[in-house]
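Before anything else, here is the set of structures, which you'll find just below.
In the two assemblies presented below, chain A is common to both, partnered first by chain B and then by chain C.
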Partner chain A sequence: MNRRTSPRIVWAFLGPAVLALAVIGIAPLVYAVWTSLHYFNLIDLKDVEFIGLANYASVLTSDAFWDALGRTLLLLGIVLPLQIGFGLVIALLLHQPGVGFLRTLTRLSLVLPMATTYAVVGLLGQVMFNIKYGVVNQFFGFFGAEPVNWIGDPTNAFLTVIFWDVWQWTPFVALVLLAGLTTVPGEIEEAARLETRKWWRILRHVQLPFLVPGLVAVLILRTADTLKLFDMVFTLTRGGPGAATEFISLLIERTGFRAFDQGLASAQAILLLILTIVLSQLYIRFFYREVQ
Partner chain B sequence: MARRTVGPKRSLGGQILLLLAILLFCVFPFYWMVTTSLKTQVVALESPPVWIFQPTLENYREVLFEDGVGFTMINSLIVAVGTTILALGLGTPAAFALARFEFRGKKHLWFWFITNRMVSPIVLALPLFLIARSLGLLDTRISLILIYLTFNLPIVIWICTDQFRSIPRELDEAAVLEGASPFRIFRSICLPLAMPGVAVSAIFSFIFSWNELLYAIVLTRNDAKTAPAMAVSFMEGYNLPYGKIMATSTLIVIPVIIFALIASKQLVRGLTMGAVK
Partner chain C sequence: MRKRTYRSVAAAVLAGALTLGLAPRAEAWSLEEAAQPYSGTTVDVIFLLRPGYEAAKQMIPEFEEKTGININITEVPYENALGQQVRDFVAGGDLDIALIDLVWIGNYAENGWIEPVSKFMDDPALHNPNFQLDDFFPLLVDAFGSWNGVTYGIPFDNYSGLLFYNECMLEEAGFDGPPETWTELLEVYAPALTGDGQHAFALQSKRNETQSADSFARMIWPFGGSFLDENFRSNLDSEGSLRGLEFRQDLMEYMPDGIVSYDHAETVNGLAQGDVAMITEWSAFYSSLANPETSKIADCLAVAPEPAGPAGRKPALGGFSLAVTSQASEKEQAAAWLFIQWITGEENAREYLDRGGVPAIEAVYEEPGVAEEYTFVPALVESWQEGVPEFRPRFAEWPEISEIVQVHGTRIMLGELTVEEGANRIGEEMEAVLEKAGYYDGEKPLAQ
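Here is the complex of A and B:
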C-alpha cells in the first residue's frame, strides 16, 4: 500500500510551495548570515567589509543581547504560570454543567483578546494606562490611590506589558485546556466523581493526563511567541523607558533599523534563529511523531 | 450535599459571578476602545475620563477621509486577500501531496514548514528589507503579499493536510481504478471535500496578514502602508489624538473579530498548528 509516488508527480504538487518558501524563507536567511559576517551599517554603506565573526563576538560579549534575552525569559517566567493558572481555572469553570448560555457567551468572549490585532492591544494599553487620562488610574483612584505612571516608569512599564500579555493569551491557554478536558471520556469522569468529591483529586488523577498534550503545546508555543513578541510592546512602550521592556525582537529591530547596524542585528537574529530551531525540534518530538 | 466551597467548583451563584467577571475582563477593553473612538479630543482629554458624553462619529470621518486610513485599509485588504489566495493556491496541492503521497524527506519537509511558524519575523525582516531595497520593491504591496507567505503557507499546509487525511482513501482508490490522474483526484474529488479546512485556513491566513505590523513598518512608507502601520503613525507628538487612534483601532479590529468568531471552534486548532484538536 505504501508504495512511493513517482517523484515527478510529488514535485508537481509540492514544488511551487517549496520553491516559494525557499525563495522568501531561506534565501533571506543565507543573506542574513552573509550580512552578519560583515561590517554593514545603513548610514555607512560604502564601508561594507568582511569582519568574520566579530559581530557575533560583540553580541555575545555585550550586555544588550543577554539583558534582552534575560528580560524575555523573565517575562515568560512570569506570564506563563499566570496564563496556565488562570487558564486552568477558566477551563474548569467552562467545563462545568449549568447556565449553558452564560458559559457559551463567556467562551465566545475569550475569542476577542486572542483575535485582537497585537498592535491595537498596545495602543489600547497606551489609552487605558495613561497616567492622566487613563481609566486604570481612575479605577485605582476610587480606592484612594495616587495616579500611577504606568508607561513612563521602568518597573510599571514591565508590569503593563505583563498585564496585556496575560489579557491576550490567557484565553488561548483556557481554550486549549478546555479542549483537553472535553477529551476525558464521560464515564471515567463520572466514575471518579462517585469516588471523590474533591475537584483537585479529579483534576490531578483523572483530567491531568488528558491535559498534558495541550500544556506542552502551550509551553512551547508561548515560548516561541514570546521570542517573537514585538507588535504589542512596540506600540505600547517602544521598548522603553530606557531598555526596560526591550525584549529580544525589539532589540534586534532597534539595532538594525534605528541604530542602522544591520551586521550586528543580523548576528543577533541568527543566534535567535538557532534558539528557535532547537525549540521547534522539541515541538516536533512531542507532536509530530506519527509523521514519518 | 457536601460542602463545595473550595476551588473552581463553587456554588452556581459563585460560578455565575466568576463567569461574569471573566466576560467583563475580556470585553471591557473593547468597550473602552469603542467609546473612546466616539469622543471628541476635548472629551478624550478629560481627567479623570468621563463615562457619559455626547457620542460623535467625527473621528471616523476624519481618519477615513482626511488622514488616509481608508486608503491604508484598502492596502491591508489587498495584501491580506492577495496573500491568502496565493497561499491557498500553493498550499493546497502541497497539503494534498503530504497527505497522500509517500516520498523521501517528507519528515524534513514537515519540520521545515513548522519551523517557519516559530521563527521571529525580525529574523527575516532584516535581510528582506535589504533585498527589497535593492530590487526596488520597498513600499509595494507585492512585497508584503509575498513575504506574508512565510507564515500563511505553513498554516494553510498544516490545516489542509489534516483535512485531506480525514477524507477516506477508498474514494481516491475508486477513482484510480476509473483511470483518473492524481491531478484529477485532487481537483475533482478531494479539494471539494476539503473545503471546510480550506475555508478555515483562509480565515487564519487573512487574520494573520491583516494583523501583521513588523514587516509592514519595516517595508512600507506611504504607497503600501497598511492599517496597523497607519495606527502606529498617529502615536507621535505630545497630546496624542486618542479618539482618532481608537477609531482607527476599531476599524482594524472589527473584521478580525467577525472572522475569528466565525472560526471560533477551529481557533485553537489553527493556533497550535493542529497539536490540539
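Here is the complex of A and C:
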C-alpha cells in the first residue's frame, strides 16, 4: 500500500512549522540584513537611507569590534575545552556501575546551575565576588589569603566570567555525555572490558563513537551560546573594567541600544551569525564525519 | 449727573462681577472636577527602583481615588530605562508619561516625543492655578525639563551631588568639619583618614553611567575642565580637564582597592559600614544612610556640599523630569498632565519629602523644621544655586559619548592609559560621534 500522500496533507503537517520558522526566524533575519544596509538610527529616524555596505566597512575597520571578537574567541577557546573536559570526567564517574542513588542525586543537582537565570548568575557574582563583603574572599580569608580584587581587576574579571560560565554549563555537557554513554550497548562494553583493563582504550574505541553526536551538539550549542554570551556579563561587570570583559554581544548591545545605531549593530550581528555558522559547519565536517 | 453716577456704579458692579466671575473660577479649580472627563483613563509611566519613586507610589492611591484615573507603573532599573522608552516611542507604544533623565531631554525633545508644558498650562480646564513654574528651583526646570528655551518636563526626582561623611571618624582624626576644597581633602584629610583597613574616600567608578557622570564629570568641572568647548570640539585636553583627571588618579591612593568596580551600592555601603570616611553621592541616598537599619553610622552621618575646586564648587547635578508624551491620545495626555501637576506641585511637596522623595519646590525647604529634620537640605539648596546644567551634555548623542567615557575613563583609572592618552582618545571618539550627528557642518545647532 504505497499510496502517495496528498500535498494538502503534507502542507497541513509542515505548514505550521514552516510558518512559525518564517515568522520567528527568517523575517527578523531578513529585516536585520535590510537594516544593516541602511543608516538606521532610532533617535534619528527621519534620516534613514540606503548606504550599501558602509556599515560592514565601519565594523570591519573598527578596533573595538576586533578587540571584542578576539576576547570572545579567547573566552570560547578557554571555556569550551574546560567544560568538555570536566563534563566528560563527571559523566564517566557517574557511568560507573553501582552508584545508583548517588547518580540520581548528582543528576538532580547538576540541573541547578543550568536552571539559574543568566542575569541572576551575574548579580550573584557581583555580591559573592565583592572584594570587601563577598563570601568568596571571606572563604579564602579563613585560610589566611589576602582579599582578591575579583571584578575590579581586568584579568581577574575575565577569570571570574570564565569561572561562572564553566560552573553554569559544565553540568549540561556532563548530562549530554552521560546520556551518550548510556547508549553504548552493555555487551560491547563488557566484551571490551574483558579485552583490556585500560579505561582510555575503552573510551577511545568503544565509548567515543557513541559520544560523538552528543559532543557535536554540545560544541555547536556551547559555541553559539558563548559567542552570544550577554546577560551574565552585563549584570556582573557590564563589560568592564575598561574593556576587559566587553564581548561581542555587549558591543552589539552598546551600539544598538545605547548609541541606537541599529544599522551598525545589525551589521555586527550578521557578521557574528556568519562566524557561528562557519564554526558549526567546521565542527560537523571534522567531528561528525567520523561516525557517518 | 445722577445718570452718570448710575452708569459708573453699574460699570463698577459689572467690572466687579467680571472680576469675581473670573476669580472664583480660578479659586474653584479642583482636581476632582478637572479630572471628571478622564475618569477611567489609564496613564502608563516608567518608574525606577529608587526612593523618590517609592514615595510617589505610596501617594498614587490618593490621586487615583480623587480622579478615577489609573496610573499604570512599569518599574525598570536605570540602565534599561532609556532603551525601553525609546523603543516604546519609536514603535508608537503605550507610554503616556516620559521619564526623562536630564541627559535625555535633547533626544526626546528633538524627536518630538514629548509635549511642551505650555500646551496644558494654557488650558484653564487642566491647569491648576496654584501650580507655577516659578515655584521650582530655576536650575532644575532649566536643566531637567527644558530644551532650546522650551519647557517640556517638570522636575520630579531631583538630585544634587553632596559630600556625605562620617563625623565621628573625622572628629577622631582631629577635624572639626568637612573639607572645603578637593585639594584640602586630598592633602590634609585623606592621609589622616586612611589606614587600618579604612579609607578616606570612595568614588563610585564602575563602567556604566556611574563612571561617566559620578566619577569623570565630577572631577573635570571643579578644576575648570568640561567636555566641550564653545565650538563643540573636545575640551578634555584643556589644562583644567587634565588637572581634574590627574587629581582623580592621585586621590585613588586613598580609595579602597577595586574602586573601578564600585557602583552606588558599594560606595554607599562603604560609608554605611564605617569603612570609608567620605563619599560624594546623590542626595537620594540620604534616607538609606540615615536609617539605622541600613547604616551603622546613622548617628555619625553628616552632610555638606561637595568640596570646591579651583574653578568653584560645580557639584554633580542629576535628576529626572516627567513630561507628557506626544504619542498619547488627547484624553491620556490630559490625564497624564493632571498627574504630573499633582505629584510634582507645591501642594504635595511636603508629603513627597516626608515619604522619602526630594521635591524641586523652593518653598518646601523654607518651611520651619525641614532643615533640622532633613540634615541634607541646606547643602542641597546651596548646591542647586551653583550647579552647571550641562554638567553632562544633554543632547541626543550623550548616551553614545557616555559609553566612550565609560570605557576609557576606567582604563585611565586602571593605568592602562595615561590621563593624557585617555583624554585624547575620548576626545577623538567623541568628536567622531558629533561629526556624524552633523554638529560640525551646521546641520544641527550647537545646543547642549
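FYI, the second predicted complex is superposed on the first by the 262 of 292 C-alpha atoms of A that agree within 3 Å, B and C clash if a C-alpha of one lies under 4 Å from a C-alpha of the other, contacts with A are read in each partner's own complex, and residues count from 1 in each chain.
Note that in this section contacts are C-beta pairs under 8 Å (C-beta built on N, C-alpha and C of every residue); 3 or more make two chains touch, one makes a residue touch a chain.
What you are looking at is a predicted structure, and each value in this text was computed from that prediction instead of being measured.
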item	value
First, second, both or neither for A:Phe257, with chain B first and chain C second	both
Touching partner for A:Tyr133 - first (chain B), second (chain C), both, neither	both
Partner chain(s) touched by A:Ala269 [first = chain B, second = chain C, both, neither]	first
Which partner reaches more residues of chain A (counting touched residues only), chain B or chain C	B
Touching partner for A:Gly240 - first (chain B), second (chain C), both, neither	second
On chain A, positions contacted by chain B and by chain C	132-133, 257
Footprint of chain A on chain B - complex, ascending	2, 4, 6-9, 12, 15-16, 18-20, 22-23, 25-27, 29-30, 32-33, 36, 44-49, 89-91, 93-94, 96-98, 100-104, 106-107, 109-131, 146-147, 149-150, 153, 157, 182-183, 186, 207, 210-214, 217-218, 228, 231-232, 235, 240, 242, 245-246, 249, 252-253, 256-257, 259-261, 264, 267-268, 271-272, 275-277
Sites on chain C touched by chain A in the complex	79, 82-83, 86-87, 90, 107, 111, 206-208, 211, 256-262, 266, 269-270, 273, 275, 396, 399-400, 402-403, 406-408, 410-411, 413-414, 416, 433, 437
Complex contacts: residues of chain A adjacent to chain C	42-45, 130-133, 147, 149-154, 157, 237-243, 246, 254, 257-261
Complex contact set, residues of chain A against chain B	2-5, 7, 9-10, 12-14, 16-18, 20-21, 24-25, 27-29, 31-32, 35, 89-90, 92-93, 96, 98-99, 102-103, 105-120, 123-124, 126-128, 132-135, 137-138, 141, 167, 171-172, 175-176, 179-180, 197, 199-200, 213-214, 217, 221, 224, 227-228, 230-231, 234-235, 248-249, 252-253, 256-257, 262, 265-266, 269-270, 272-273, 276-277, 279-281, 283-284, 286-288, 291-292
